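Structures are listed in the sections that come next.
What follows is subunit A paired twice: with subunit B in the first complex and subunit C in the second.
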Partner chain A sequence: MNASRKKFHAKYFAPTLYIIFLMTPIYWLLTMSLKTNQEILSTFSLWPENLTLANYIVIFTDASWYSGYINSMIYVSMNTVISVLAALPAAYAFSRHRFLGDKHIFFWLLTNRMAPPAVFALPFFQLYSSIGLFDTHIAVALAHTLFNIPLAIWILEGFMSGVPREIDETAYIDGYSFPKFFVKIFMPLIASGIGVAAFFCFMFSWVELLIARTLTSVAAKPIAAVMTRTVSASGLDWGVLAAAGILTILPGALVIWFVRHHIARGFALGRV
Partner chain B sequence: MQKTHDHKALWLVAPALLLVAFTAVIPLMTVVNYSVQDTFGNNQFFWVGAEWYREILRSDRFHAAFLRQIAFSATILAIEIPLGLAIALSMPKKGLGVSVCLVLMALPLLIPWNVVGTIWQIFARVDIGLLGHTLNGLGIDFNYTQNAGAAWATLIIMDVWHWTSLVVLLCYAGLVAIPPAYYQAARIDGASRWAVFRYIELPKMSRVLLIAVLLRFMDSFMIYTEPFVVTGGGPGNATTFLSVDLVKMAIGQFDLGPAAAMSVIYFLIVILVSWAFYTIMTREDFEPSGGAR
Partner chain C sequence: MLELKSITKHEHGQAHVEGVSLSLEPGKMHILLGPTLSGKTTLLRLMAGLDRPTSGEIIMDGQAVTGVPVRKRNVAMVYQQFVNYPSLSVYENIASPLRVRGAARRYIRKKVEGAADVLGIKEFFRRRPSELSGGQQQRVALARALVKEASLVLLDEPLANLDYKLREELRTELPRIFKGSGAVIVYATSEPREAMLIGDSVTCLHEGRIASTGTARALYDRPNTLVTAKIMSDPPLNTIRIEKKGAVLELGGDRRLHIGAHMETLADGPYEIGLRAHHLGISASASNGIEAVVATTEVTGSETMVHAEFMGTRWVSLLHGVHALNAGDKISLNPDADRLFVFDETGALVATPAS
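Right after this comes the complex of A and B.
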C-alpha cells in the first residue's frame, strides 16, 4: 500500500512540477491584476492584501481599452470565416484527387506557414495602404490568411482523409450534385474537423501581434497593440496591464477543453 | 487512400490559392523589387543589382544577428526537445488526469505572444516580479535590462515556458498511438525500461519528433514579439535576433534596400530548411510503417 503510493508520487512528479512551473507566472499576473498599483509597487506580497476589481473596471469602462478587444474579435472572426471557407474545397481536392502540381502547391503553402512575419510587415503596410485598406479589420483578416489558410487546409485534409471515398461515390450515384453533397452530407461528417480548424485559425490570429500592429493605427487597433503602447509609456499602470493580459488569456482558456484531444494536430499542421 | 487523377480539382483549390497569392506573392515581389533598387526619395528608384545583397552578406551587423539567432534556436532546441520528451513519457496514459494535463499544459500556447512577453517582463523584474525579486533576495545579481546574461536567461526560460508544451503534446500524441500489444510483447520478452524506450517508443515517435524539431526551429528562428516586449533587443544589441533586427532596419530606420535584401536572404534560409524537412517527412509518408496517415 505504502509502496504503491510512493510509486504514484514518483511517477507524476515530473508532470506536476512542470505544471507548477507553467502556472506560476500566470498566477503572478493574476494576483497583480487584483492588486492596487500602490500595493504592487510598495509591498511585495504573494497574494493581494486589498483585493480589488478596479483594474478590470478600468478596462470595461475605458473605450481605448475595450475597443481593442472588440477590434481583435472582429478581425479574428473575419479571418476564421475566410480561412475555413477557402480551405474547405481546397482540402477536399487535396484529400481526394491528384492534379497538376498538387505536391508543389502543398509545399508552397507550407513555406507560407514558415515565413517570418517580419519579412512581410513592411510590404503588407504598403500593399494595404495603396489599396486603401490600411487600418481596417479586413486588412488584418486578409493578412492573417497567409498562415491560417495553409493551416486550415492541413487540418481539414487530415479529417477528410478519414472519411471513406465510398460515401462520395454513393452520394453521386444517388444523384447529388457536388455542392449539395458537400454541404448536406460531407460537411456534417467532418463537423469536428471544421471546429478544430476554426479553433486554430482563431487562436493563431488572436496571438499574432507584429502584422496586426503594422496594419492598424486607430480604428482597428488590436488589444495586443494597445498593451504594447502602455508598456512603452512612462508611469506604468501595472495593475491594468496585468488585468488586460488576463483577459486576453481567457478566450483560449475557455474553449481549450473542447479541443483538448486535437491540440497536437492543430499545432503540428495536421500531420499527427 | 487511392486518389483519382482529376485536373479539374484545381478549381476547388483556386479560392485558397488566390487568397494566399494575394497575401504572399504580391508582398514578396515588393520585397524583391526593393532589394535590387535604391532611392533618393520622391519615389524615384534606380537599379543597383546585387549591391544590397553584397552589403548585407558582408555586414558585421547581419553576421552578429545571425549568430545570435542560431545560438538562441540551438539552445532552446537542446532544452525543449529532451524536456518535452521526458514529460510526455511520464504523463498518465488514461483517466481524467490526461485531460487536465493536456489543458493545463496547452494553456501557454494559447496566450497572445505579446502577453507572454508581458508576463515574463513582469515576472522577471527585480522590483515587482516574483522571479527577479526572489533571485536577488538569494544574492544573485539578476537584472535583465542591464545584464546581457540575465536577458538571455530570461528569454530562454520564457521560450521553454511558452513552447515546451508543444513538444510534450506532439510526443504524447505519438506515444498514445503505439498499440498496447507492443508493450505486452516487450513485457513477455522481459525488456528493460530503456529497451522499451529505445526500440519501441523512440522509433514510433521519430515522425512527431521530426515535426517538433521543425516547428520549434522555425518558430524560434522567426521569434520577434517576445524579445521585443521583454528586452526590446537589448541590453545593447545582446538579444537583437534576426526578426528584431529586420524590423528595426525596415520600419525604424526605413532602409528599404538593405532591409529588403535581408528579408530575401532570411526567407531563402527558411525555405531551404523547410524543404529539407518536407522531403524527409514526405519520404516517410510512403514507407509502409510511416506514421499515422
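Right after this comes the complex of A and C.
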C-alpha cells in the first residue's frame, strides 16, 4: 500500500508541478477579477476576501467595454469564414492535382507566416486608409487572412490527402458533379480538418493585437486594444481589466473544447 | 458493345498501354488477365473515362466516347480496395448513383433492397462501411455497381483483397449477379484460376499489349505464344531452351528427354519447351529423368509444390498429397513428354499436346 502510494507521488509530481506553474497566472487573473480594486492594491490575499462580481457587471453594461468584444467577435468570425472558404478549393487543388510549380507555391504559402505582422501593419494602414476601409471589421478580417489562408491550406491539404483518391473517382462514376461531390461527399470526410483549420484561424485572429489595433480606431476597436488603453482618471482599473482578461480567454478555451480530439493533428498541419 | 480502337496510353514518357484493340459484347464476362503492371488497371480506367487515352478511340454502342468525362458515361466500377463513402450509411452508399440521378424514392428503395438481397447485406443497411468486414464492404461496392444498371461494369481485381473463403464464395456469385444485366462486364485479374472459373472470354495482357484473346479453355489448352502460356499458368510454367535432334530433346549438359508423340513431325532445331507444374513428376532415385536438386518444398496439405534446380533453371512440380523432401535432396524430374508445349525462337507455339 505504502509503496504504491510512493509510486503514485513520483509519477504525478512533475505534471502536477507543471500544471501549477501553468495555471498560476490564470488563477491570479481570476482572483483579481473577483476582488475590489482596494483589495488588489492594499493586501496580499490568495483568494478574494470580499467576493464581488462588480468588475464583470462593468464590462457587460459599459458600451466601450462590451463593444470591444462584439467587434472582435465580428472580425474574427468574418476572417474564419473567409479563410476556410478560400482555403478549401486551394487545398483540394494542392492535394489532388499536379501543376507547374505546385510544390514551390505550397511551400511559399507557409513562408508567409514567417514575416512578423508588424511588417504588414504599415502598408495595410496606408492602403485601407486610402480606400476607405480603415476602422471597419472587414479590414481586420481581410488583413488576418494573409496569415490564416496559408495556414488553413496547409492543414486542410493534410486532411484531404488522407482521403483516398478512389473516393473522388467513385463519386464521379456515380454521376456526381464536382461541386455536389465536394459538398456532399468530400466535406463530411474532412469535417474534423475543417474544424481544426477554423479553430486555428479563430485563435490567430482572436489573439492578434498589432494589426487589429493599427487598422481600427473606434467603430471596430478590438477587445485587446480596449484592454491595453483603459486608464481611468483614478489610475488603472485593475479589477475590470482582470475581468476583461478572463472573458478574453473564455472563447478560445471553449473552441479548444470542441476540437480537442483533432487538435494534435492540426498542429501537425493535418499530417499524421 | 464496347470497342477499343488501337488505344495507347503514355504517362511520363512510359507506355502503359500500347495499341490495344478490343471489342467486347454485352452479357458476357470479359477477363483481362495479366501480371501486375501489365496494364489492366490502366485499361479499365481508360474504358471508364477516368483517364484519356494518348491516342486511339473508344466506342460505346456505336458512339465515340473517347473524350466524354466519366460522369456523363453510364459506367460502374469496383476497385480492388474496398471503396465506399465512409460518411454515408450502407443504404445510402448503395443508393448513391440513383440519388444523383434523381430517381424516385420508391424506385430507389426497391432497387437497393433488390441488390442488397442478391449480395446478402440487407441487415447492414444502417451501419457505416467502416463497421463492416472487408468482404461485406466489397459487397456494398458491388451492390452500388449493380443498382446503377450501367451499360459497362468494370471490376478491377475485386476479390484480390478478400480472404480465401470469401473469394471462393463471391467468385461463384459474381457471374450470376452481373450477367443478367445485359451490360458489358470487364473483370481484371492476375489469377488464371479466376479467368478459367468465371470468364467467357479472356484477353491476356503483357506489358501493355494484348498477348492473345480467346476462351479461357482454348488459351489454356493451346496458348498461341510462350507469353500467353506463362500468363495462363499458375504455378508458373516450367520452361527451358532445348535442341531437338531426331527423337531426342537435348537440354544441355548430358540431360536429354525423349520427344512426345505430338512432336514427331517437328523439324530438328532449337526450341523452347513449356511444361505445367502438374505434368512434372518426381522420383527419388536417379532414373532416366533430369537430375535436379530440391530448392524448397511447399506443402499445402492435399498438394505439395516442389521447387527444383538444375543447370541454373528452376522448375516447379505440383504433386498430390504430402511428399517429404528437404532442400538439397537429389531427385530426378520426370516431365510428361506428351504434355510439352513447344515454342519456336519467336515464341510462337509449334507443337501442342493433344487435349
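Some observations on this one:
Simple rule for what comes next: the second predicted complex is superposed on the first by the 257 of 272 C-alpha atoms of A that agree within 3 Å, B and C clash if a C-alpha of one lies under 4 Å from a C-alpha of the other, contacts with A are read in each partner's own complex, and residues count from 1 in each chain.
Throughout what follows, contacts are C-beta pairs under 8 Å (C-beta built on N, C-alpha and C of every residue); 3 or more make two chains touch, one makes a residue touch a chain.
Everything numeric here is computed off the predicted structure, so don't read it as measured data.
Annotation for the three-chain superposition on subunit A: subunit B and subunit C fit side by side. Using the contact criterion defined above for the overlaid structures, shared-chain residue A:F159 touches neither subunit B nor subunit C, since it reaches no partner. Once both structures are fitted onto chain A, a short way to say it is that subunit B and subunit C open up an angle of 90° at subunit A, using Cα centres and rounding to the nearest 10. Counted by residues of subunit A touched, the larger count belongs to B, out of subunit B and subunit C. In the superposition on chain A, contact of A:F99 is made with subunit B only, not with subunit C. Touch criterion met: A:P15 reaches subunit B, while subunit C stays clear of it. Of the two partner chains placed around the shared chain by superposition, subunit B is the only one that A:W257 touches, whereas subunit C remains out of contact.
In the superposed pair of complexes, A:P150 makes contact with subunit B only, with no contact to subunit C. Looking at the shared chain after the overlay, A:Y69 reaches neither subunit B nor subunit C. Contacts of A:P188 after superposition on the shared chain: subunit C is touched, whereas subunit B is not. In the superposed model, A:L110 lies in contact with subunit B only, and not with subunit C. Residue contacts after overlaying the shared chain place A:T214 against subunit B, while subunit C stays out of touching range. With chain A used as the common frame, subunit B approaches subunit C to a shortest CA-CA distance of 10 Å. Overlaid on A, the two complexes show subunit B and subunit C touching no common residue of subunit A. Within the complex formed with subunit C, the subunit A residues making contact are 164, 166-167, 169-177, 180, 185, 188-189.
On the side of subunit B, the complex with subunit A involves touching residues 1-10, 12-13, 15-17, 19-20, 22-24, 26-28, 30-31, 86-87, 90-92, 97, 99, 101-115, 118-123, 127-131, 133, 161, 164-166, 168-170, 172-174, 208, 211-212, 215, 218, 221-222, 224-225, 229, 242-244, 246-247, 250-251, 256, 259, 263, 266-267, 270-271, 274-275, 278, 281-282, 291-293.
Within the complex, the subunit C residues that touch subunit A are 48, 50, 69-71, 75-77, 79, 81, 83-88, 96-97, 100-101, 144, 148. On the subunit A side of its complex with subunit B, the touching residues are 11-15, 18-19, 21-26, 28-29, 32, 40-41, 44, 46, 82, 85-87, 89-90, 92-103, 105, 107, 109-112, 114-124, 126-127, 142-143, 145-146, 149-150, 153, 158, 161, 165, 203, 206-210, 214, 223-224, 227-228, 231, 238, 241-242, 245, 248-249, 251-253, 256-257, 260-261, 263-265, 267-269, 271-272.
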